[in-house]
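In what comes next, subunit A is part of two complexes: it sits with subunit B in the first one and with subunit C in the second one.
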Partner chain A sequence: MVASILASGLAVGAVYALIGVTYNTMFSASRVISFTAGMLGMLGGVFGSLFTLRLGLPLVVGFLLTMACCAAVGVVTEFVAVRPVLKSLDQHLYVLSTLALSIMIQQLTATEWSTEPQRFPRLFDIGAGIFDEKFWLPIVACGVAMGALEILYRHTLVGKAFLAIAEDNFAARALGLPERNLRIASYALAGMIGAIAGFAGGELLLAFVANGSLLNFYGFVAVALGGLGNNRGAVVAGFALGIYQQAANFIVGGIFSSVAVFALFIVLLLAAPQGLFGAPTVRRV
Partner chain B sequence: MDDLAVVTIGDVLVEQDKGSTKMKITRRKFAIGGAAASTFPMLGLARPAIAQSEPIRIGWLAAMTGASSAPAIGFDRGVKYAAETINAAGGVKGRKIEILTRDTQGDPTKAVNATQEMISQLKVHAIWGPTNSGESLAVTPIMARSNMPNIHPCVVTSLIDTKKYPNAFRTAPSLGQWDDAVRGYCLNVLKVKKVAVMGDTTGFGSAAANFSVEALKKDGADVVYAANIDYNQPDMMPDMLRAKNAGAEAIVVWSTSTGMDARLFNTRAAMKWDVPFVGHPSMSSGDVANLIEKRENWNKVYVVGYRSCSFDAAGKLPPRSQEFVDRMKDKVKLSDSLLWWVAGGVDAVNLIAKAIETTGTSSSDDIIKYWNSLTKYPGYFGNYTFSPDQHNGYPTEEVVMSEASSAKDGAFSLAPGYKA
Partner chain C sequence: MSGVSEAIPQMSMDGGRERMRNSLVSILPFIAIFAIALVLPFFTNDYWVLIATRTAIYWLLVGALNLVVGFAGQLAIGYVAILTLGAYVTTILSGGNVLPPVPPFVALFIAGVAGSVFGVIVGLPALRLRTFYFAITTFGFATIVTQIALAWQSVTGGGIGLPGPEFPAPFNSRLGFYFFCLACAALCTWMTANVAHSRFGRALIAVRDVEVAAEAVGISKARLLVTVFIFTGAAAAVAGGLFATLQTYITPDAFTFDLSILFFISILIGGRGSILGPMLGTIILTLLPEIAAPLATWSTFLYACLLLAVVLAMPGGIARLLDFKSRKPLDRDRAIVPRASAIVEALQSVQMREPLILDGVVLSFGGVRAVDGVNLEILPGEIHGLIGPNGSGKTTILNIISGYYRPEAGSVRLGGAALEHRSTVVRAGSGIARTFQTPRVVGEATVLQNVLIGGTIRGRANFLETLFSLLRHRQDEERFRAEGLLALRAVGLSDLADVRADRLQHSELRFIEIARALMGRPSILLLDEPAAGLSADEIRRLGQLVKQVSQCGTAVLVVEHHADLIFDICNRVTVLNLGQVLAKGTPAEIRVHKEVVSAYLGG
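Then we have the complex of A and B:
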């Protein structure tokens, strides 16, 4: 039982963690919590199944096309749901605009793809039981994605520019950084991270339109617990959430596991409103 | 005119002050009234003639798109086939059948709007549908208020109530009849005593699972495990392990989620457990075939089916069903739908047409009265029996269990243990 909890808990947790990082990537560039993050994860599975299974394209081509399509959706999000509300961030209009776009993406997917879950292909056909690839693949994907992000942010000029606008976009603009273009690039990057989450988790979660809302919610929990804008926090919180949820499934049953997640979420936020790894907000007086 | 009531006395129109007995008759009003009154008898004579030649308008509330569209798409093929067949033969006493379809998308609000449009604007003579219980719960009271003759295939028990909804008739089994078949198969054919019951967390899944648990207990079964499962749950191992540890000899499943069904079957295979699954027809959906890891994971899965749409041990359909399938060959596609959906659509149109043909009118009262008089009306899906006190028309003995993985042209093989 413990092995089963760990296998599926870590796998689902890795997907939550990647969606949390998707939230963070969009937030860092714009200060907007975009509720399209879960939809990008869902689209990763749907596009992956579409390209590799339905259209029969080779795995690598299907994966690259999935990344490209999700990046495009990320850019559309920036243009349609984020840019128009940036001037009034304090009114939190982005909640409405990103949620509206998220619902549109979901409805369009339901109409054009299917309302029923569809199969996602076996990618490597390695492993069985608790070592099946559907369990380890999301964990590996999460590790690789985090490693790549670390290299991007710490060792490249573009990455440092991303960090600069995340830290203080007014100062970054004053230094001549193309803030708008960097923001668009950040949303494209977020789309690609979402695509990795959906593609790597496709065998576990299937190519299913309903995954969008599920990932939106649990990805947000990972971000809130890990601290908004903190990728490492989101990863730790995502894995912890996955294991906790799966343990609750075993111990109290599926119908109560969501209640258990909610209860923990509320308790932890009461204890640490800024998240477990987030810094308290400093207010200038 | 707001404070005047118009009454007729003989051929003279009189305007009467509301709340008073004083009447005012002017020459102008007398002339208008006289003209109008003399015209009415002519209109009165003309109306039956129009009624006898106007098309028979059948409202068809169909969730043609959206999450629950598969049944409506199947029913629609039958509806169109029946209407075309009747019209090609000259109609019903010369009256053509006109199908007025509205896509409700499975949304009760849209179903309500479409129903109101059908009643007040399209002036339909009868309504077939909706095809899911959520929509039907919303529109059934509206139709009852207008005494609109209504046939539907929805399973929720409360939708049929001859006192509240004397206009509503069910041509498919109720949830209770489904549950009877499932319970009977577990206890009498599989001969198991320890049963696990799993429903999804939707309203239907919870209600059906609770109903099933109570009925199983009443019949002496030992319900060793009962659970509602979130159909999005990626891993079914926790519930399956609990059911196994509780000693379940059969698992009853009430869910419309093919994803949940397939995950249950895959998990059973991973556990190397050969417990049978018995329950909802969604477990036989073609979508399940796409989601299971191996074809054999679908073995020992038995779903609610119908004798009229089941192959016997020799692989043959009942003669009347075979004749129906042969007649539809090359006209109606069955390979991606279910035979009972298509047959149910044909039966609905035929029941309305037959009522109008037999009574000679398309008045609501006459149609309802005709349906109330039916005993073993020979439909293609089943032989329907209605009475003023019983509007569940589908015969319980026709509800059987089928092998989930045996679909061929929309029909299934009878589950092991049934005689042909």
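Then we have the complex of A and C:
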């Protein structure tokens, strides 16, 4: 039992972690927490199934197209729901605009795709039992994505520019960084991370429209516990959350496991609103 | 003096007539809507009665939720959770499938009680979490409740569901039930309107838009929000019980998150801080899919489009569209003319007059000693100036006195008693009021409402009395209004009482803040750069105003960069530099003090 808890826990944890990173990537670029993060994960599965199964494209092409589509959705988010409300960030209108956009994405998917879970293709057909690819693939995807992000942020000029606008937007602009383009790029990047999460977790979670709000919630739990804007925190919290949830799943049964996750989330968040790895908030007066 | 007291009764009589007309105009749309609702069954068929019943039930929930979302600004997107709870509690208790059955009205009442408890649980995270965080926790509640309803088959019937409760005659007929729901909706409208036009409603919008200022006038966010959550929870659960009856058969599928979205979006499309707007929003959103049948599958998509459109293009919502009064241009050459007699009248009831003493106060931010052993004594009736270069610790001292920061060492005392640290909301009760460097004024409220926020803790009616508009509530409001107008006359803004505050100039906002502070009947008034952004003329009037306030016995501590104003009005001046007192004395002494001249004033 422990083995299957670990296998499925780490697998869903990896998806939650990647959605957490999606949240963070958008947040770092714009100080906006977007309800579209989970939707991007859901779309990763839906587009993947659409391109490879329904349209019968080769896997690699399907994957690249999925990435491209989710990146486009990310950019649309930036244009429609983020940029117009950035001027009045203190009014938190972004909560409403991104909520509206995420509902639109969800409804559009439900109507045009399906309200029922749809099959996702088997990608490599390697492994069985607890070593089945549907368990290890999300974990590998999470590792690769984190590694790639690390290289991007530490060793490329664009990545360093991302870090600069995340650290201090005004100063970065004063230095002449093209803040707006970097923000658009960040949203495209967030879309691709969400796509990876959905595509790699497709065999586990299927191409299912209801995954959107589910991933929104669990991904945000990972972000909130790991500390907003802290990718490593999100990954640690995501894996911990996945294992905790699957353990609860095996011990008290499916539906009460979400009660268990939710209860823990509320308690931890009330105890440490800045997250377990975050810094306390700044002065207000 | 006599001239003024003659003028006032006449003014209030005119004001009374105008007020009557204004309040008539403002309740007219509600009367019209409910009149249409009342005659609706006689002109249409059963189908439309069903729709109207559903609208009334939704409004029962949305109207109460409006206090949480529209007034308090809390992004509670998951209130379908309480609707679900209310529906199941009413159904299970009246159906008797677990306990012996109880009459439906008793079941509905118990559901209301359960809803108020659950409302507090759902709302509690709002006291610590903000915006997105709170939104997602309410979303979590909505998901959890539906899942429990699905899983707890022995009680809820699981996915198969339960037959809904049936009310006794005459409420079991379609029409009887409709009129019952309509009555509930009307009651809810009346109650929320009472709250909205009370100190509670004003405190809610203060918490929403100017939280820091709300603390300074003594509003306890936690107590206020919990009170409102109790009311909203009860109303939402009762709405749930009625919803279950309307459905005749309930399954967890009936309580989709889309329903929650409808409630939430109705309020935002209607406009924050309005009652009519969200009511129209509820009606429109409920009717929209009915009017155009092909839209039914797309209704949620449509709501989301509307929400996006409102957020991006029309943040004030329907209420702003209907706000014709605020389109009239304001008088361009209006002037702020404070009235000395009104200041005397406003402050005559101030009781405590004790010196405020800071003794060896120390506070650091990180490695910076912002305040480094400051001693300060402010006597009743004096104007004490606090000057110094930027970063010398002036505003920090004000914030320590207001209770936003706790000093690491030293004490702050009022008379003999030490002020409790780290509890801003008790300061107003001790007679300390303040203004802010950047005026913190609720833009969407009128000038008068903003001023009345300052009197919040002096109200006597409790929430229940306000809800039912009992005598003490009406007395409170009558008194508040008179005092608010008096405070506005004192600072010279009485002509603008009913104008929305975001239409005013910066300098006028500064005087609103002073009027709000006067509403608290302060014995100590803290002014943080009151002259910043004012014209020379306005600064002169501000000086006279402050002098008059101090002559009434109130101590005034002014932080200011306008050296001329400080030297003109202050009895004593303290100069700070790098967190320490550089010099103390009368304006004449300070003006020639060598170190002050070299550190701050310049030669």
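In this text, the second predicted complex is superposed on the first by the 283 of 285 C-alpha atoms of A that agree within 3 Å, B and C clash if a C-alpha of one lies under 4 Å from a C-alpha of the other, contacts with A are read in each partner's own complex, and residues count from 1 in each chain.
Criterion: contacts are C-beta pairs under 8 Å (C-beta built on N, C-alpha and C of every residue); 3 or more make two chains touch, one makes a residue touch a chain.
Because the structure is a prediction, the values reported are computed rather than measured.
Trainee: Using the superposition on subunit A, decide if subunit B and subunit C clash or fit.
Mentor: Once subunit A is superposed (C-alpha atoms), there is a clash between subunit B and subunit C.
Trainee: Could you say whether A:Val80 touches subunit B, subunit C, both of them, or neither, answering first, second, both or neither?
Mentor: second
Trainee: After the superposition on A, what does A:Leu269 contact: first (subunit B), second (subunit C), both or neither?
Mentor: Touch status of A:Leu269: second partner only.
Trainee: Does the superposition put A:Arg154 against subunit B (first), subunit C (second), both, or neither?
Mentor: In the superposition, A:Arg154 contacts neither subunit B nor subunit C.
Trainee: After lining up the shared chain so the two structures overlap, which partner does A:Thr111 touch, if you call subunit B first and subunit C second: first, second, both or neither?
Mentor: In the superposition, A:Thr111 contacts both subunit B and subunit C.
Trainee: Considering only touches as defined above, state whether A:Met1 meets subunit B (first), subunit C (second), both or neither.
Mentor: The answer is first: A:Met1 touches subunit B but not subunit C.
Trainee: Between subunit B and subunit C, which one contacts more residues of subunit A in the superposed model?
Mentor: The larger set of subunit A residues in touch belongs to C.
Trainee: Quick one: is A:Ser258 in contact with subunit B, with subunit C, with both, or with neither? Answer first, second, both or neither.
Mentor: A:Ser258: touches subunit B and subunit C.
Trainee: Does the superposition put A:Leu204 against subunit B (first), subunit C (second), both, or neither?
Mentor: first
Trainee: Given the touch rule stated above, what does A:Gln246 touch, subunit B (first), subunit C (second), both, or neither?
Mentor: In the superposition, A:Gln246 touches subunit B alone.
Trainee: Looking at A:Leu93 after the superposition, I want to know if it touches subunit B, subunit C, both of them or none. Which is it: first, second, both, neither?
Mentor: Only subunit C; A:Leu93 stays clear of subunit B.
Trainee: Using the superposition on A, tell me which residues of subunit A are in contact with subunit B and, in the other complex, with subunit C.
Mentor: On subunit A, the overlap between the subunit B and subunit C contacts is residues 111, 253-255, 258.
Trainee: Please name which positions on subunit A make contact with subunit B in the complex.
Mentor: 1, 4, 8, 12, 110-111, 115-119, 129, 204-206, 208, 210-211, 214, 246, 249-250, 253-255, 257-258
Trainee: Name, in rising order, each residue of subunit A that touches subunit C in their complex.
Mentor: The touching residues are 33, 80-81, 84-85, 91-93, 95-97, 99-101, 103-104, 107-108, 111, 213, 216-217, 220, 224, 253-256, 258-259, 262, 265-266, 269-270, 273, 283-285.
Trainee: If you look only at subunit B, which of its residues touch subunit A in the complex?
Mentor: 65-67, 69, 201, 227-235, 237-239, 241-242, 257-259, 262, 270, 285, 287, 290-291
Trainee: State the interface residues of subunit C toward subunit A in the complex, per the touch definition above.
Mentor: Of all residues in subunit C, those touching subunit A are 75, 77, 124-125, 128-133, 135-137, 139-141, 143-144, 147-148, 150-151, 211-212, 257, 261, 268, 297-298, 300-301, 303-305, 307-308, 311-312, 315, 365, 395, 399, 402, 404, 436.
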